[in-house]
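Both of the next two complexes hold chain A, though its partner changes from chain B to chain C.
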Partner chain A sequence: MSNLTRRGLLKSGAVMGAGLAAPTFFTNMAHAYTNAPTGSSVTLGFNVPQTGPYADEGADELRAYELAVEHLNGGGDGGMMNTFSSKALKGNGILGKKVEFVTGDTQTKSDAARASAKSMIEKDGAVMITGGSSSGVAIAVQGLCQEAGVIFMAGLTHSNDTTGKDKKANGFRHFFNGYMSGAALAPVLEARYGNDRNAYHLTADYTWGWTQQESIQQATEGKGWNTVNNVLTPLATTDFSSYVAPVLNSGADVLVLNHYGGNMINSLTSAVQFGLRDKVVNNKNFEIVVPLYSRLMARGAGENVKGIFGSTNWHWSLTDDGTKAFVKSFGEKYGFPPSQAAHTTYVQTLLYADACERSGTFNPCGVAEALEGFKFDGMGNGPTEYRAEDHQCFKDVLVVKGKENPTSEFDVLEVVEVTPRAQVEYPVDHPMFAGGDLGKCNPGA
Partner chain B sequence: MKHLSKTDKSTFILVAILALLAPFILNPFPEGSAMAQFNAGYPDLMQRFAIFGILAIGFNILFGLTGYLSFGHAAFLGVGSYSAVWMFKLLSMNIVPAIILSVIVAGVFSLLIGFICLRRSGIYFSILTLMFAQMSYSLAYSVLTPLTNGETGLQVYNDDPQYLMGPNSSEVTNLFGLEMRSTFTLDVGPWAFQFNLGYYVCALFLLLAFYIAIRIFRSPFGLMLRAIKTNQTRLNYTGLNSRPYTLAAFVISGMYAGLAGGLMASMDPLAGAERMYWTASGEIVLMTILGGVGTLLGPVLGAGFIKYFENIFSKINDTVLHTWFSILPDGLENAIVWVLHFFVGKGWHLTLGLLFMMIVIFLPGGLMEGGQKIMNKIRGKKKNDKDGGAKAAATPAE
Partner chain C sequence: MDAIFLQILNGLDKGSAYALIALGLTLIFGTLGVVNFAHGALFMIGSFCAVTLSKILTLSTVTLDPTKTDFLGNPLKVKTPYVVEWFGESTGNAMIDWSVPLAILFAIPVMLLLGWVMERGLIKHFYKRPHADQILVTFGLAIVIQEIVKATYGANPIPTPAPDQFVGSYNVGALIGLDASYPYWRMIYFGFSVTIIAAVFSFLKFTTFGMVVRAGMADRETVGMLGINIDKRFTIMFGVAAAVAGLAGVMYTPINSPNYHQGMDFLVLSFVVVVVGGMGSLPGAVLAGFLLGTLESFASMNEVKGFFEALYLPSIDQIIIYLVAIIILLTRPRGLLGRAGVMEE
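Now for the complex of A and B:
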C-alpha cells in the first residue's frame, strides 16, 4: 500500500467520479407522443412573420398569443375565457401545467417557417405550433406538424386549400376561407349593385389568389353577374397602373381586387387614382370590391377604402360579450383594438387549451378528437363548429365596408351584414375543396 | 486520401472530426439552463449547417477560384429540391434516386444557364445569372404551378403514385429503410445530445464534397481556374480558350447546389419557390464572403455562422431577455431589455448586418483571416520570414 501516491489517488478518484456520472440511456420511445411534457410546464410554439411583408399582422398575432398565455395562466382579467361556452379552463395553465411559449420568425417563407417550427419541436419541445399569416406558410407548417406528430392551429390563412386539398389530420383552422368570402359577399353585392353587372378581376398570381377568384366568380355568376376578364398580377407588382388602365375600356362596371396586404393597398390606390369610382359605365356607377379585408390593410389604403365592400372573419366593433371581453383586455394591455389576425390566433390558443383539458391529455390524437365536431360559443363569432371531416370552423362571416367618416385610425371598417353560417356552409366534397385527404392523426414518437 | 498534402490532410481530418462530433460541440450548455437558448445541436439546424456548407463549398469553386460572381446560385438549389421531391412523389421515399436526379438536373440546368451567361464576365455575368434565377423563381411561383405547386410548395401527398412503394415501405424519407428523422438521444447528466441519422447522411456528403473540393483546388484544372481569376485577358492572349474551364467550374458548382437542394428535400420533403428568390442567392454570396473567399474551410464556417443567427437569434424574444436579466433592478432590467430588443428576435437581421460589416471592414479575408491572425498571435513572431508566404497563400479574393 506504500505506492499509494497523491497522483494515483486523484486518478482513481476521477475514474470513480466518471463511473458515478455514467450516462443514462433512454430513447424517445418511452413516451406515447412527441414532446410529452414531463415537468411542471408545457411549451407552445408561436410561429409568426416578424419580418417581411406581413410583419404587421405577425406582430398583432404575437400580442394576442401573449395575452392568451397570460389568461390561461390565470393572469389579467381572463378575457374570452369568461364568455367561452366551455368551462374546462380554470386559469391554472393547461392540465395544471404552467403555459410557456417560444416564438419564431417565419419571414413569410415556407422554408424559414418550417425551420423555425422544427427548432421549436426538436429543441424547445413544443407540443403545439400555431401561427402563420399566409396560406403558403400555413400549409407548409401544417404538413410538417403532421409528420412530426404535433398539433397545428392555423392562424391567418384564407386559401381554400388549407382545409381543402392540403388538409391534414393534425391541423385545424378557425379562420374563414375564400369560398365563404364569396358566399357571404355575393348577396350583399347583388342587393347593392343589382344582378346584371360585368366584373373584371385582378388576381394575385398564386394559390390563394386563384382560389379566391374562383370562389368569387362562381358566387357572383350565381347571382347573374358576368365575368368580363380575369388578369393575373405577379405578387411582386407594386405599380398596378398598367393593369388598371385596360379596365376602363373593357366594358366592365365592377372591379374585383383579389389582392392582400401591400398588393391590395397599391392596386386599390391605383384604381382610385385612375378615377374608376367616378366613372359611369353601362349607365351604372363603377364599383370596386376587395373580397378579403383586414383592418391593417384598410388603414394602409387610407381614404381610398371608403365605401368599398369586402369580408372579414371578425371585427372589434361587434357587440357580443366575447368580442367585448377580448377587446377590453387587449385594449387595456396594448392600448388599441385587436385585428382579426389577433382574434383568430387568440381563439385558437384557447380552443387548443380547452381541448387538452377536455380530453385530459396533450396527445395530439386525443386533442384532435376533442376538437372534431366541437361546438362552442362566446368567442366573438356566435355559435361555431369545428367540422370533423375537414377541421374547418363554420360560423358567421362579416361583410364590411370602408367607413365614410372614420373616428380614429382603428375605426376604418363598418360591419354591413353578419352573414349567417348556413349561407356560407358547403359540403366536404365541394369541388373547390376536393382532392385532399385528412389522413390519420399522428402522435409522433 | 494519400493524394492530399500534409496540411490538406489535417484540414480534412479536422473537418471530419468536427462534423462527426457536432452533436456534442454544438450542445455545450445543459438543458434547462439560461444558456441553453444558444445550443444549436438539434437535428434540423445541424442538417442545415451541413447542407449550406455543401452549397457554399460549391459556390466557392466558382467564385473563389475563377472570380465569376454568380448571383443566381439559389436557382440550382431550388431545381435540385424540386427534382428530389418529384422522385419522392413518383418512385418512393428512398433518398438515393432523389439525390442522384437532383444533381443531374441541376447539372443540366447549370450547363444551359452557364452556356449563355459565361459569354460575359464581371458585373454583366452577375446580372445575367441574377436575371435567370429571378426568372426561375417567377416561373416556379406561378406559371409552372402544375410542376411546382406554386406558392404552397411541392409536397408529397397520400394519393401520389409512388410506383416503387411496397406495402411495408417507410412513409418518411429514408435510406433503404433507415429513416432520416430517427434520432438517438444520449442523456448525460443535464445534457441531452441528439444523434440524428439525417444529419450524419448530410455530414458524409459534406465530407465527400469537401474532399472533392480539395482535389479540385490542388489540381491543374484548379490552377487554370485561378489563372482565369488573376488575368483572363492575358490567358486568352496565350491562345488558350478559357470558356470551357469556366463552364466546367460553373457546372460543378451548380451540381454542388443541386446536391444541397436534394439533401434539403431529403431531410424535409418540401420544395418552395422562395428557395430560388434572389435574396437566397445573395445569402450564398454572403456566406462565402463572411467565411473567406477562395479558402477551403471558410465557406463552411460562413454558412454555419449565418444559419446560426437565423435560427438562434431570431428566437430570442423579450420574455427570454427578461428572464436573463431578472436579477437586475427593474429599471436597469427594462433598460437593457429595451436596448437588446432591437438586436434579437425580429432584429436578428440587424445584428447579422453589423457583424457582416465589421468582418468586411476589419477582416476582408473573412472568418478565416480572423482565425489565421489569432493563430499567428499564439505562435508568436518566431516565424517572421514565413509570414509572408502564409499571407500570400491566404490572400482572399478582392
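Now for the complex of A and C:
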C-alpha cells in the first residue's frame, strides 16, 4: 500500500488508458465500419433456405441474386439496371469493386439462419446480408445484422413485425406485408362476395401467420364481415383434415387460409377434398381465400387454386418495362419466369448497390441514409418509396386470382387489380406496427 | 354430432396410414430384430413411385405453335404426351388420370426390390450389433434417401391428384341421419388399408410360408435347426414390409402432396404406435394405429382444445399421442398387446 501514490496512480492510469485506446483508434481509422472492403472486390452474403420446406423459394432467390451480381459486374443484358430510374449503377461492380458473393443455408430456422449470417459476416467478410422466405428468419437475421453493423436487405418476409415492432435501423424491406394484403384484398372480396360473410381462419402459428390473420380480420370486418373463428395450426402440420372438418359445421361461408408454402398447399388440398368449394352455406357459395400467394405455391397446389383470390408483391405477367426486362433476363438464363421471391431479392441487391454508389461508401450508415426516403421507379412495381421512418417500401399491391384456364405451367395466377399505394399505406405509428424502435444505424467495427 | 362423426372418420383415415407403417415396422422388428428408422423413408419412396409414374406417363413430344407465344414472346411449345399419341386421346388421358392407382402395380416390384437391396446390402451387417447402432445406420440411411429425393424432385410438394371420378366428397353421414360429407379418396384409402392389413394377416396365417415366418418369429433357432432357411424368408418379409409402406405412400399422394420429408413426419408417430401396440405385436400395431389416429383427430376439435386449455394444457392436439403413450406404458409397460420377453433382455 505504501507504494501507491496519487501521482503514480494517475501515471499508470494514463498509460493504461492510452494503451487501451490506441488499438481501437487505429482500428477505427483502418476500418470505420464492419468488413470495409480493402481489395478490388466486395463480398455480399446471400442467406436463403437451401434445405427445408422453402428450399424451392430459396433456390429461386439464389438464381435472382446470381443474376443481379452478373448485371452489377457488367455481364448479361443488364436486366432492370436499364429501366431503374436511378442511373448510378454503371456495370462496373459497386464503387468500382467487383461484386463477389457467399451463400448460406437458413434451413428456414432462425438459429441456423443466424449462424450462417454470422459466419458470412465474420469469416467471409460480407458487407451486406440479404435473404429470407420466412419472417421468423428475417427478423432473427435482421437483429443480428443490427448488432454486427452490416446492412440487412430483407428478402421474402411478409410479417408486419419485420418493419413493425422488430424494425431495425440497419434493416430494409422491399416486400409488402400483411397489413397491405388486407387493405388490398378486402375491397375486392367485398365486391365479389358481398359484405355479409362469416369467415373462418386457419392460421400458421408464428409471427407471420399472427400478423397476417390480424390484418385480414380487421380489413374484412371493416367491410362488414364477421369472424367466426381463428384456429392456430402448428407449422409442422401436414394433414389439415382435422382442422378443416370443423369448418363444415361452423356456420362459416368463407375459409381464410393464413398459410404459406407447403402448409398452404396441404390445407387448400384438404379444404377442396372436403368439398368446401361445392358447398352452399347461408344461401351463399362457400369461398376460400389465400391472402398471400406465390406462383411456386400456386403451381404446387395445382387445380385447387383456380378462382381463389389472394395478393402478391409482383407477378411476371405485368407489362411495365422493368418487369419485361427482368423476365427476359431471368427467363433466358434459367428457362422459366421468376417468382415474386426472385423479384424482390434481385431488386434489393440492385437497390443496395445503387445506395452505395449514391452515398459513395459501403459504410452501413451512409447506405442507410441513401436508402431512407429514396424514391424510385422502373423496378416492376411502379413508383416506390423506402419510407425513412420504418424502412418499409411503399408501392402498389397486386390482387390476384388462380387462373381458370392456364395456358402453361407458369400461367397459374392472373392479376385482378393493381391496388394503388395510397390504399395500402398506413401511418408509422399504426397499432399493428407499434411497439418497436428503429434505433440508430450501427456501422459496427 | 356431425363434427364428432367426421372426426371419427378422420381418425380412422389417419390411423390407416399409421397402422400400415407400424405394421411394416413390426414385421421387420419381429422377424429380423432390427429397429428400422428408414421405414418412413420407404413410405415416402412409395409416394414418389406415384410421382415418377405420373411423370413417365406425361413424357411428351414438343411441337411449336407459331400462333401462340410463351412468356418470352417465343412460339409456344405444345406438349403432347406419348401415351396420348400411342393410345389415342381418351385412353391416353385416362391413363394419366389414373396414374395413382396404376402406381400400385409400379410400386410393388420397386419396393420389394428396394427392400431386398436394403436388407442384403446394409441391414444384414447390423443384425448382431446393438439396437443403438441399428437406429443410427437406418436413420442415416433415411437422411440419405431424403436428400436424394430432394435433389431429384425438388423441395416443394408435388400435386398428384386422384382420378377425376374420386375428386370431391360424399355425404356419408346421411346413411345414419347426419350431415357429414367426407372425401371419396379418404374413404378409399381406409378401405385400401383394411384390405392390405387383412392380406398381410392372411398371408401369415393361412400360407405355409407365413406359418414358417411366424414360427421363426417365435423361435428362430429351432426353425433353423429343422433345416429351413429362415434368413431367406425373413429377407423376403423385409421386402413385404417395404412394399406395405410403399403402397401406403402411393395411395396417400392425393391426400397430401408428396414431399421429400414426409417420411420423417410419419416416422416418429409410427414408432410411438409400435411401442403403444406392443413391440413385435402385429395386431397391436394395427389397433394402436387406429386408436391414436382417432385420438389425434378428436384432440384437434375446437371444443376439446378449449377444454384442455382451461386445464392449462394448450396445444393438446400436438401432444395427445405422446400423453396417451405415457399413460399406456405406465399402466401396461409391454404396450396394448405386447408379449413378454420382447426388448426386455
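Note that the second predicted complex is superposed on the first by the 416 of 445 C-alpha atoms of A that agree within 3 Å, B and C clash if a C-alpha of one lies under 4 Å from a C-alpha of the other, contacts with A are read in each partner's own complex, and residues count from 1 in each chain.
Keep this in mind: contacts are C-beta pairs under 8 Å (C-beta built on N, C-alpha and C of every residue); 3 or more make two chains touch, one makes a residue touch a chain.
Please read all numbers here as calculations on a predicted model, not as lab measurements.
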item: Fit or clash between chain C and chain B when superposed on chain A; value: fit
item: Contacts of A:51 with chain B and chain C, given as first, second, both or neither; value: both
item: Partner chain in contact with A:410 - chain B first, chain C second, else both or neither; value: second
item: First (chain B), second (chain C), both or neither touched by A:429; value: neither
item: Which of chain B and chain C A:234 touches, first, second, both or neither; value: both
item: Which of chain B and chain C A:118 touches, first, second, both or neither; value: first
item: Touching partner for A:77 - first (chain B), second (chain C), both, neither; value: neither
item: Partner chain(s) touched by A:208 [first = chain B, second = chain C, both, neither]; value: first
item: Contacts of A:196 with chain B and chain C, given as first, second, both or neither; value: neither
item: Partner chain in contact with A:139 - chain B first, chain C second, else both or neither; value: first
item: After superposition on chain A, the shortest CA separation from chain B to chain C (Å); value: 5
item: Touching both chain C and chain B, counted on chain A across the two superposed complexes; value: 51, 55, 234
item: Chain A-facing residues of chain B, complex; value: 39, 42-45, 48, 138, 141-142, 145, 149-153, 155, 157-159, 172, 181, 183-189, 194, 268, 270, 272, 274-275, 277, 310-311, 314-315, 317, 319, 345-346, 348-349
item: Touch list for chain C against partner chain A, complex; value: 2-3, 6-7, 10, 13-14, 68, 70-72, 76, 150, 154-159, 161, 167-169, 179-183, 185-186, 254-257, 259, 261-262, 265, 296-297, 300-302, 315, 317-318
item: Sites on chain A touched by chain B in the complex; value: 21, 23-28, 50-51, 55, 66, 101-105, 109-112, 114-116, 118-119, 122-123, 134-136, 139-140, 143-144, 147, 159, 161, 166, 205-208, 232, 234-235, 435, 437, 439
item: Chain A - residues contacting chain C, complex; value: 51-56, 59, 229, 231, 234, 236, 238-239, 241-243, 245-246, 248-249, 261-262, 265-266, 269, 273-275, 278-279, 296-297, 300-304, 316-317, 327-328, 331-332, 336-337, 407-408, 410-411
